[in-house]
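What follows is a set of structures to go through.
Next, two complexes with chain A in common: one pairs it with chain B, the other with chain C.
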Partner chain A sequence: MKRIRPSRWSGQLLQARCRAGIAATRQPLFLAVRCQSTSPATTANESSDLDSQRPPLPAPSFDRAAQSAKLAALHARLSLPRKIPLQTLARALVTPSADANPNFNNSNLAYLGSTIINYHVYEYLVCKWPRLPMAILYEALRAYAGDASLQQIARRWGVESAAAPGEEVDPGLLQWKAGEEQMVNTRWGYIRAEAAKGQAWRRGLSSRVVLDDDFGDQVSSSEPEKLEYSGLQSEAFGSVVRAVIGAIYTHCGREEVKSFVKSHILSRELDLSKLFEFKLPTRELAMLCAREGFEAPVARLESETGRLSRTPVYVVGIYSGKEKLGEGAGPSLDVARRKASMASLKAWYLYSPGNKVRVPSDMMEEGARPWTAPYIDIGEII
Partner chain B sequence: MDLRTLFVRPASQLLSPLRLLAITKPSAAPLPLIPSRGHKTTTRTKRALKIAPHDSFLPSRTSAAAADSIIYNPPSSEASPEHTPFIFLPRNDPRRQAILRLRSSGSGNPTAYDSSVTAEADLPPEMRYKRRQPKYNLTKEHIEEMRRLRSEDPLTWSVQKLARKFECSTVFVQMAAPAPPEHLQWLKAKMDRKMERWGPKRTQAREDRKRRAEMLYRGEL
Partner chain C sequence: MTVKALRAIADGKNGLGAFVLQCRKLDLHYCDWAGSSKGMNGFIKSLLPKFAAANPQIEFAVSPRPGKHPVVVGHYINGRTKPICVRNLSPYEILQKVELLRDASGEKLRRTNKAVLSTKPSVRGIWSPYHGKGMAV
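Then we have the complex of A and B:
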């Protein structure tokens, strides 16, 4: 058994306590009820009060944010600066599906947060892997900052959802429900003229940079496509992460939010070589060599074993002149050759100037070294 | 004394009668029926688990015994795509300058992955496979002739036959002299009739082959 040392508590806990005291003095009825719990007992006591006439709020009131142990715990767990009040954190947990009023839900904070996340992830990706094709870049952004990834982050932060949103629920729980229509538009892009032709009809990639949203997804015009339960859930959890990041930017500024994004989102590991799917790798490699002025690629058989057996293994290397571009092993000569060309193409696309690349936002720091231009590639092969 | 020993021993050891016997008679060798896994302290456990690496992991592998053995460390594996080959490095990359410096200094193999500047004979044998070998031997008259033959009698003048006659690739024939649409329709109907006759095994095998190719291109094979 350890003794309790209030002097060692973080400032947040102490702050939460004292605010709870203030709230209690204002409304003496709250003294009797046990706060910091998810039990809906408070409304039963309140029903005799004057408030009984008004309809229940769609989400918990921000007055109760200071009493929530879950909110204080989340605040402390994320080591958020003390400038961010618990009320803002409580607002980050109210999704538009629970409370459609944009003055009380997290849609504005989430949109601000999503722009910050996408900016930092994109500048990192583009500076670190300057030759990535556009399709891979979009998928890499989705892997870092898509709804599914942000949901994982939110769950690791310990965010839990309420069974159903309502006034009596603990404000430290995520307020969302499935099957609600999206009132607030959080995706921005142009509505394409060819959108009426359906999902299957799609233009090339380069127009997506201008016309579509950050992930290269088409913004639909009339009726938004209905997401499944899991899609809505990950959207709700993802909006929490985005809203927290938006709140950090609002209250603390650029530097804080950059370090937060770096430590929570960019620190996650992603194997980019798994994202590639080729169609005609040998032809693509030949076109690459022709474009760059290298000699045409030639496959050479480096070693083989068991040619007459049931399980032969061939190791094929692709050479351009005397320089080796890549090698692959496979159970047949053709498979090995195709694997070798895919390996060489990946080696081209995954070129990185180094692990410590500087990004444009580094220049906003005080006393930054002069900027040196990053490597810029001329573009995709085909 | 005995009682104290019994008291200190964990209960699992007391369960076996043989163990009890061994304790009462200190002259007999203690026979642990239940093997003890722990070493009481972290330090002792770590020390006991610290095993020297196999000889093949050691830096010098020159001894004759190591050369004979089938163990090779590190085991052969696919090259990582994060390793950029020499000619894929941009001009101002410091790695390019470093490799160039090494090569000019004349050491045998400056980069393990890239082959150094060697003679053509030192490279592995070239594979034989179908690849693009542009000849540019056809003129406008040739192409017109090709189109005429194909439209007049697409059955006789198939893609293969035209490619052989004009010494070009089949892809070029398909681009330059496409068959009339009714002939393509007839070919497709013929193929459909053939596919209808396929049994479950052949259909399955075809689907599997397609799926394998997709997996290969996704890098899953």
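Then we have the complex of A and C:
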């Protein structure tokens, strides 16, 4: 560490040091009249001398929420019910990195919202694609309700972040800054005993279900891992969506929040067949057929062209007895066979009872039809 | 565990579930003195309060721009802006321009020559030369 030499300091630094005592009595910025501001300037009479001497708040005060045009526009753009006050919406935009006090930031609402989002997405995924492997289920949840996806949703809502959080900022902007101590309130899980052994230590999928958080990620013990700037940013934007959903649940209840999650999160488009990555598709298919009592799969060449050319194409079908399980085309016999096995495995894993599948939370509605159990798969192949 | 999962992000389709109006903010600039702003001043006085009340999703900002022609600028969720100069227009003509800005998506204008743009695979599938009876040459 370098020694501090005040004699070498420039004049500016020393002057700033002298003025530090005076800065506290300076009038807060929002008292100054700004002609082109979107929010009306508060009159100087309202605040007493005592008020002007206090240190500035880390985020805008909730009593300015009713005057923010941005906030009212956001409220109307999301067609939120009137029961949700603008003050709650303003609180949903204050992240813990701006204001660490949980009475004024969105951490509690965001945690509530994340449980609601994850519940609704999970029940939809499990009922609609009952045979999804656990690893795919985790990634599908992340694709719908992970930070990156929620950040996109917040941006499409028109949420913008303030350049820096502060009392004078418009309450309709996201109050967020990078590099602050992050409070991980939206994750819940057990801290593993073997966490100290590092990332190389193997985590089985069954233990993830019990021990880890909703996305199957390990909950770290003492210090949360340092995220990059983009990671922190998506966490901040994602917390807005979570907090808005938590606020809807708090003020309007179960039915409203379910329809909101359905229309904003579950309506997004995701091709589940693009999430799969197979290592040994032929072996896995053989195991599947053995388990289900089908005949052993056989690969048959269906058609081919240009075997001796530079670009041959082979079309291979996988048959179990007389049933055709899948088909694939490739530039070599082996690639075509592997592609055909992948296609047949995807056809098995992506079985769906239909588009109008009922989920358990449908039973909460008034006058719901009696419950019929959904299809429940016996489990993964290997 | 031979199946591994790849990361993806679900793609949002505005209007499929919820519809979010893409126009985020409208800036209206006027001049008190110039004659080209006469219609704009009339619009701000007579038509704007009703229009703003009917469109609460949009943030309206009215500000003077002395000595310049009146302009309406639309700000969109995708980050683009769309400015329209409304000099010498009557209030009702300006209303039409403002409605145009409200209904715009903010995307660049482009020619569409397909009636439907779909992200779903074709129902009928793509024709394959390797299936069926083949063609006699």
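Please note the rule applied: the second predicted complex is superposed on the first by the 329 of 382 C-alpha atoms of A that agree within 3 Å, B and C clash if a C-alpha of one lies under 4 Å from a C-alpha of the other, contacts with A are read in each partner's own complex, and residues count from 1 in each chain.
Note that in this section contacts are C-beta pairs under 8 Å (C-beta built on N, C-alpha and C of every residue); 3 or more make two chains touch, one makes a residue touch a chain.
Quantities reported herein were computed from a predicted structural model and do not represent experimental measurements.
By the touch criterion stated above, A:P353 is placed in contact with chain B alone, chain C being left untouched.
Once the two structures are overlaid, the count of chain A residues touched is higher for C than for its counterpart among chain B and chain C. Once chain A of one complex is fitted onto chain A of the other, the partner contacts of A:T250 are absent, as it touches neither chain B nor chain C. Of the two partner chains, chain B and chain C are each touched by A:K274.
Contacts of A:E302 after superposition: both chain B and chain C are touched. With both structures placed on the common chain, the touch criterion links A:F294 to chain B but leaves chain C unconnected. When the two complexes are overlaid on their common chain A, residue A:Y319 makes contact with chain B while staying clear of chain C.
In the superposed pair of complexes, A:R337 makes contact with chain B only, with no contact to chain C.
By the touch criterion defined above, A:A329 reaches both chain B and chain C. Residue contacts after overlaying the shared chain place A:N108 against neither chain B nor chain C. Where the contact sets of chain A with chain B and with chain C meet, they give residues 274, 276-279, 281, 302-303, 329. Within the complex, the chain A residues that touch chain C are 36, 38, 69-70, 72-73, 75-79, 133, 135-136, 138-139, 142-144, 146, 148-149, 152-153, 155-158, 205, 260, 262-264, 266-271, 274-281, 283-284, 302-305, 313, 315, 329, 345, 349, 380, 382. Considering their complex, residues 273-274, 276-279, 281-282, 286, 294, 298-303, 316-317, 319-320, 322-330, 333-335, 337-339, 342-344, 346-348, 350-353, 375 of chain A touch chain B. Across the complex, chain C meets chain A through its residues 1-14, 16-18, 20-21, 24-25, 56-61, 63, 77, 119, 129-131. Those residues of chain B that touch chain A in the complex are listed here as 78-79, 81-90, 92-93, 113-115, 117-118, 120, 123-127, 129, 131-132, 216-219, 221.
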